[in-house]
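Below: a set of structures, written as structure tokens.
Common to both upcoming complexes is chain A, partnered first by chain B, then by chain C.
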Partner chain A sequence: MLYVNQQPCSLPARTLAELAEALALPAQGVALVLDQQLLPRALWAQTPLPDDRDHYIEVFQLVAGG
Partner chain B sequence: MLTIAGTTFESHLLLGSGKFQSAQQMQQAVIASGTELVTLALKRLQPGQPQDDLFSPLKALGVQLLPNTSGARTAEEAVQAALLAREAVGTNWLKLEIHPEPKYLLPDPRETLKAAEQLCALGFIVLPYCSADPLHCKQLEQAGCAAVMPLAAPIGSNQGLQNRAMLEIIIEQANVPVIIDAGLGAPSDATLALELGASAVLVNTAIASSPDPIRMAQAFRLAVEAGVCSRQAGLGSRQNAARASSPLEASFAHLLAGLS
Partner chain C sequence: MLPESPFAEPSLSDAEFIRYSRSLMLGEDGEIRQLRLKQAKVLLLGLGGLGCPVATTLVNAGIGAITLIDSDVVELSNLPRQSLYQTSDIGQAKAVVAAARLRQHNPHPHISAVKGRPDTHQLSQLVQACDLLIDCSDNLPTRLQLNALAHAAGKPLFAGAVSGHSAQIYLLSPATACYQCLVDPNWQALQNCRTLGVDPALVALTAQQLALLLLQYLQADSATRPAAVPFGHYGRYLAWQPGHSSTSGFRWYPVQADPNCGCCAPRDNPSSATGV
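Coming up: the complex of A and B.
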């Protein structure tokens, strides 16, 4: 099972890049943490999400702020 | 010209992007303000509630993005937020802010200094939001911060330069740019800050909470330009007594005597 920001997520995704696409994340301004490890965007396509165990993904996005 | 960590900016106004009614209004305020540095925050995405993509439109305007660590309550959290921001924005520039208590949002000096030391060691260009304490600002400078950003008054309070006396000491002692951040309420506050010798000001609420934020952004641009010009020109000295601006020698008393 995937957990995105602590919510169970049933989107089909074999890699982190596929998950980002399924979540419709913008092309820039986003950071992903997989199982407590910050992963640069360049590594998303080659980062598998094997379903033999749970994965915890934290998604952060730029928002307005002072 | 404002120079921070070797990068020069024409504008001496940094703009916060929060509290605007829409992303479009914020972008129009950016244009009207003439700013070249815009702050942003990082937020944990709520599933099913996608945020506006602010990155692309702001980059299209040609401004540099300055992510902040808002939400961090400790140095450790701020460092984590900084690493996320660096990945999300693709910049090592950072507005460091740690304000754990919600009522006054005052920066925590101990945690801010601790985070600044760690982040400078990690290669970040650190611009810390900090207390208007000259000793603390000097410590942040010695830790390697590229600027110091002491508060004029509590964040979003629009109270103006309440910390003026301490800010003047900070400016006098600083070897890095002093950017007055937080609490400026009116364009005239910005002018005064620059006349006092601040290198720049960071404004958000005063513009975003105006009934006409775009017009107010323009007002702050003009006020900041006025402050820079005024500082460069130098103020005339203050006097207690009057000094005539027009010649007084040409007395008209004899004329009146002759005409009577």
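Coming up: the complex of A and C.
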């Protein structure tokens, strides 16, 4: 089971990139945390989400103000 | 043993002993920690809602030297968050006003003000002269530039970012992932205070969290300093939500490096890392 921002998520996704697409995340300015690890977008396509265990994903907007 | 510094003798004056007496009481090594802070030289870019309180805390705590950079002038809309400025300062250069007010707070630190926008060469020289960089800027190009300069110079980067109801901190060193690993340099939809607004209390909270980490790092001895703060981590503030009490506070995430990052990835020609 996938949990996105603490909510169960039933979207089909084999990788983080597929999940980002299914969630319709914007192409820029979004951070994705998988099981406590913040992963660069460049690694999303090669990061699998095997369904033999739960995965906890956090999505948040990067900000640049000061 | 303390490193040599042109800015301060490795001792405290009587006036400094009295001024910092409450800090000196914090453990048996209070004096040596205060002396390490007195030897420290930092570069702070951005004197807005984050930069004002960070600079104030560092100067009041007794930092040795701080260089302040901001090319903006004080505006009326700054005043709710930027406590170094007063209504009568509107239209004046932030860096100059902030430096003057900080000197009134504490005459001991060496405070420099850069009110224009230094070019990359000038900024590189300022980076070389400091122990670490503090990014409190309000735009992506500046953040990417400081990230690249810090990485090229081998200096730690302490950064805060706030907009809307979001607050984030990232702590990077040459041994960790860099900011550009996470952020597309061509990111156009800038999320800053001008576009999203900002919560004044959240700005203050984030600034003091950043200042606390800076003091922890600068007052640690050389052996424990690398582990004094969570380098290679990105933190974000999670507001209290009813029914989710475990999610409030700052949450830290280790950042995995992008092996093909245009800034920090190993390459044959490392000098290209500063090409911002």
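Throughout what follows, the second predicted complex is superposed on the first by the 61 of 66 C-alpha atoms of A that agree within 3 Å, B and C clash if a C-alpha of one lies under 4 Å from a C-alpha of the other, contacts with A are read in each partner's own complex, and residues count from 1 in each chain.
By definition in this document, a contact is a pair of C-beta atoms (placed from the backbone, for glycine too) under 8 Å apart; a residue touches a chain by one contact, two chains touch by 3 or more.
No experiment lies behind these values; they were computed from the predicted model shown.
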On the A-aligned overlay, A:Ala24 touches which partner chain: chain B = first, chain C = second, or both, or neither?
first
Problem - Touched partner set for A:Val33, first chain B, second chain C, both or neither - result: both
Message: Taking the superposition on A as described, I'd like to know which of chain B and chain C A:Leu43 touches: first, second, both or neither.
response: second
- prompt: Does the superposition put A:Val63 against chain B (first), chain C (second), both, or neither?
  reply: both
Contacts of chain A common to chain B and chain C in the A-superposed view 26-29, 31, 33, 38, 40-41, 60-66
So, in the complex, the side of chain C touching chain A is made of residues 46, 48-51, 135-140, 143, 160-164, 166-168, 177, 181-184, 186-194, 196, 198, 234, 236, 244, 247, 253-261
Seen from chain A, its contact residues with chain C in the complex are 6, 26-29, 31, 33, 36-43, 60-66
In the complex, chain A touches chain B at residues 4-5, 7, 9, 23-31, 33, 38, 40-41, 58-66
As the complex stands, chain B meets chain A at residues 16-20, 23, 26, 39-47, 50-51, 53-56, 59, 65, 67-68, 70, 83-85, 87-90, 155-156, 202, 204-205
